[in-house]
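Each of the two complexes below includes chain A, the first together with chain B, the second together with chain C.
Right, the complex of A and B next:
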């Protein structure tokens, strides 16, 4: 049954990707990309990767789609018909060749889902058997993410932070001078009322995902993105100036940096206590309690950074769009 | 040819997951790549890159699956879990992916501002003095 569902989902994925190739309307292309992301999230659920599915649904289908739409608002929604200056056959040939090579490569891969595959032999058994005892959390993905590979995750948080610096140096957020600028969807009364009901629930859900990530699917990455989505909804419906009044770009800049520093300072504190960098066992007398403290704090740091970066990137794109509307 | 040989040697119960895996891998990396190379519009290229990236994620996650296993969250009475390691790697890769996508998109916005177009073949006759 699971295989059948997989096949159906894969067929739908292939169809979506084909449509993406042929459509010229970029708005439809971006929406199809959102659908593609959701479909792949479903496949991830079917392959037992619930945390990944969660992230893909909130990040891939949510934030990526919003950012692409923000870009389309600035660059135009129609792809121009290409004049036949270059042949389409060459890329097709290259891709077919690459695809054939990849399929040839998969023939030597170990059988799908077999427990004795090499990928399940190295560190995975230790994570599966020992992490509930060593770290004391039921969700192994959180244990590995925040504790065993905590240094790795620190690096990824820094990458998110530097992407934010990149977007900022390229675009920057412009504060509005004119107060009377048409912004948001002021005339859509129904949307405004519905948004007011939904936004607190979304924020509540983000907090649940943040703090329940140790026990079920979720964690700082997903929670940050979901919380950012709540504020993005607010900014879309009520306009950027009002959103700036709630959480300003300046505050978010501090918040993004604070998240990274909070994460790194946990590592430094554990060194101060005599352990290695990010060795949570040192944080409390009881190693398990120390692990809990460490993971909660660094997940908070990740949540702060991801929330601030995603929202501020949206602000950067949104304020560009409003500027070009005025001109 | 090797495909046919490999498939013929297996019983039908083995064949189905094997086919699935082949399909999975096939859709994983082939085809999507085409958009990245052939699309003329830069936004569409970014969409293609993202689709391509998601497919690579699927390849990784499919390796972590254990038949009969369950999601790697401890439950009483369950002994067989799927491999949590690929999940962790891909989870962070997704977030880093959206961050790099944002940088790419803001580059496109700047390109539009400087050249007035985001179509690849229209750059040739534009001067870059508008920056």
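Right, the complex of A and C next:
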């Protein structure tokens, strides 16, 4: 049964991808990207990778869609027909070759889902058997991401921070002048009321995801994205100036830096205590308690950075779009 | 306490410093801070190289988790040697960038520039030091994203298309590496490089692993701009701010060459890559074509930054050529050239940046008569240019010498001749600039009368690299010792039968000949 569901989902995934290629309306393409992400999330759920599915749904389908729509607001929604003189044969050849190589590589692949596969035999058993004793968390995915491979997660947080530096150096966030048109959907009373009801709930859910990541699917990445979505909704409905009054771009810039520093400070403190970088065992007398403190703090750091970066990127797009509208 | 963490410090120091540089905000403050941090990273990497030369390997388990369960940082002579070059260039470029950036980057973006530079440095150090294949990908992303931001910071609008092109190609490269690592994980269940190597030996031949090798090699080739995957490099280097070009040209592609070496020698094993898969010949052909095609392109450019950018792709060809000879001597030549080329290209791009600072253009016409107006800058350009050509008493000669001896060791006269022939192109493209600077007249316009030498803050790092070019051309003990033990270390695991004594005698002979 599970395989049947997989096949159906994969077929839909392929169809969506093909559809995206042939569509010229970029707005529809962005929507299809969202559908693509949700389909992938479903496949991940079917593979019992709920943490990955959650991330894919919140990042891939959620925030990416918003950011791509923000880009469309700047560039326009129709793909421009370009009279290209270049041959399309070379790209086709490269893509076909890559696809053929991937298929060739899978011919020798270990059988799907078999318990004797190398991935289930080498590193994973220790994570499954020992992590409840060593790290003490029910959610092993969080144990691996935040503790065993915590250095990777620090790196990923820095990747998000770098993305912010990139967007910021290109666009920058400009505060609106008084004279500019008031934006937002102020005439839409229904939207405003509903937004006011939904936003607190979304923020509450983000906090739940943030602190429940040790026990179930979730963690700093997803929580940061969800919280950012709440503020983006506010900015969309009530206009950027009001959103700036709640959290301004400068504050978010500090917050993004602070999140990375918070994460790294856990590592520095464990070095100060005589352990290696990011050795949470050193944080408290009891190693399990130390692991727990460490993971909570670094997840907070991740959450801060991701929230601040996502919201600030939206601000950057948004303020550009408003300026071009005014002009 | 510091010694215990020596292996981790070159990564985490710039990593933590980057957000602080952003918070500092003020241009001068973040410049001073970034330079200080980069200088500290240089001192630590110097100590790391000394420790690696005396003790062999330093392993550091991040988070206290033993590999393969946790992430291992693993320093040996090979990566400590490249790290030394990267941190040294980073520090010098930062000193240089204060003035250069003022001219080329908007004031509001200065602290972003230093933040991105530190992020890039942290990423490159992470790629070099990590012993974990996935961790390498993470740091590759950190350094790549920072690089795209750095390229796009120039005030010239053309940098945007260049950065976008770089971003697309770089992302394809990173994705290919990720697919490759994923395929390897599927067959081995581990991500630690040494563990990967051990567990891959269990398979006689596996299509999945071979496909993984192919994806990783193509991905890394994109990153290191191996011909014909180099098309992103010339526009990116041409339109980026001069300080960024000086930094990237002497570090980013070199680190990618190191990644290729690391995957071939530590993870896949030379028998698998060169004997079973026959990659040596492919790499050798591509390297030779890169040397000739791109050296030729360099001779016909009119923008001096483009000339040097095409020359960089050609020089990468020399490194890959050394690697493809599959001998300790060849690999050693490649490693030496990674180090020496960083010194020459850093100095050359700094000199070009100084010209842009004063003249406002890097077209070859703008160089006319500058030999009189900017004597120190043009002298630096000339000496570093001679080093690119491979004139004796410069570092470039040492690189070429080892490459030619490595080829002759295998009686490969064709390769040796091609290396020497390739140098003739360098004579042409460097010669054109020098000819313009010293033998053409300064145009008689009002602006050109005001051209004068740049400040010592730009000259000092430039000349530090020029002096290093000459120093390492005369006293080769550091480069040859480090590169030799790095190459031997990399071959050790595969137990190639090249006798140490023969190798030692050969390098002695070279040292004598070079110094006499």
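Following the convention adopted for this analysis, the second predicted complex is superposed on the first by the 317 of 327 C-alpha atoms of A that agree within 3 Å, B and C clash if a C-alpha of one lies under 4 Å from a C-alpha of the other, contacts with A are read in each partner's own complex, and residues count from 1 in each chain.
In this section, a contact is a pair of C-beta atoms (placed from the backbone, for glycine too) under 8 Å apart; a residue touches a chain by one contact, two chains touch by 3 or more.
In this text the structure is predicted, and so the values were computed from the model without any measurement.
Applying the stated contact rule after C-alpha superposition, one finds that A:151 touches chain C and leaves chain B untouched.
In the overlay built on the shared chain, the residue A:281 is in contact with chain C alone; chain B does not reach it. By the touch criterion defined above, A:244 lies against neither chain B nor chain C after alignment on the C-alpha atoms of chain A. Touch criterion met: A:253 reaches chain C, while chain B stays clear of it. Once the two complexes are laid over each other on the shared chain, residue contacts for A:126 go to chain C alone; chain B is not touched.
Which of chain B and chain C touches more residues of chain A is settled by the count: it is B. Residue contacts after overlaying the shared chain place A:264 against chain C, while chain B stays out of touching range. When both complexes are overlaid on chain A, the residue A:304 reaches neither chain B nor chain C. Of the two partner chains placed by superposition, only chain B is touched by A:44; chain C is not. In the superposition on chain A, A:315 contacts neither chain B nor chain C.
When the two complexes are superposed on chain A, the residues of chain A that touch both chain B and chain C are 102, 104, 106-107, 109, 117, 119-120, 123-124, 127, 149, 152, 156, 159, 163, 166, 170.
Of all residues in chain A, those touching chain C in their complex are 101-102, 104-110, 117-124, 126-127, 147-152, 154-156, 158-159, 161-163, 165-166, 168-170, 172, 253-254, 256-258, 260-261, 264, 267-268, 271, 275-282.
Only residues 3, 6-7, 10, 13-14, 17-18, 20-21, 26, 29-30, 33, 36-37, 40, 43-44, 47-52, 55-56, 59-60, 63-64, 67-68, 70-72, 74-76, 79-80, 82-83, 85-86, 88, 91-92, 94-96, 98-99, 102-104, 106-107, 109, 111-115, 117, 119-120, 123-124, 127-128, 132, 138-141, 143-145, 149, 152-153, 156, 159-160, 163-164, 166-167, 170-171, 215-217, 221, 225, 306, 309-310, 313, 316-317, 320 of chain A touch chain B when the two sit together in their complex. Touching chain A in their complex are the following residues of chain B: 2-3, 6, 14, 16-18, 20-35, 37-44, 46-48, 50-51, 54-55, 57-58, 61-75, 80-88, 90-92, 94-103, 105-110, 112, 118-119, 121-122. On the chain C side of its complex with chain A, the touching residues are 1, 5, 8, 12, 15-16, 18-20, 22-23, 60-65, 68-71, 108-109, 112-113, 115-116, 119, 122, 126, 134-135, 138-139, 141-142, 145-146, 148-149, 152-153, 160, 179, 183, 185-191, 199, 206-208, 210-212, 214-215.
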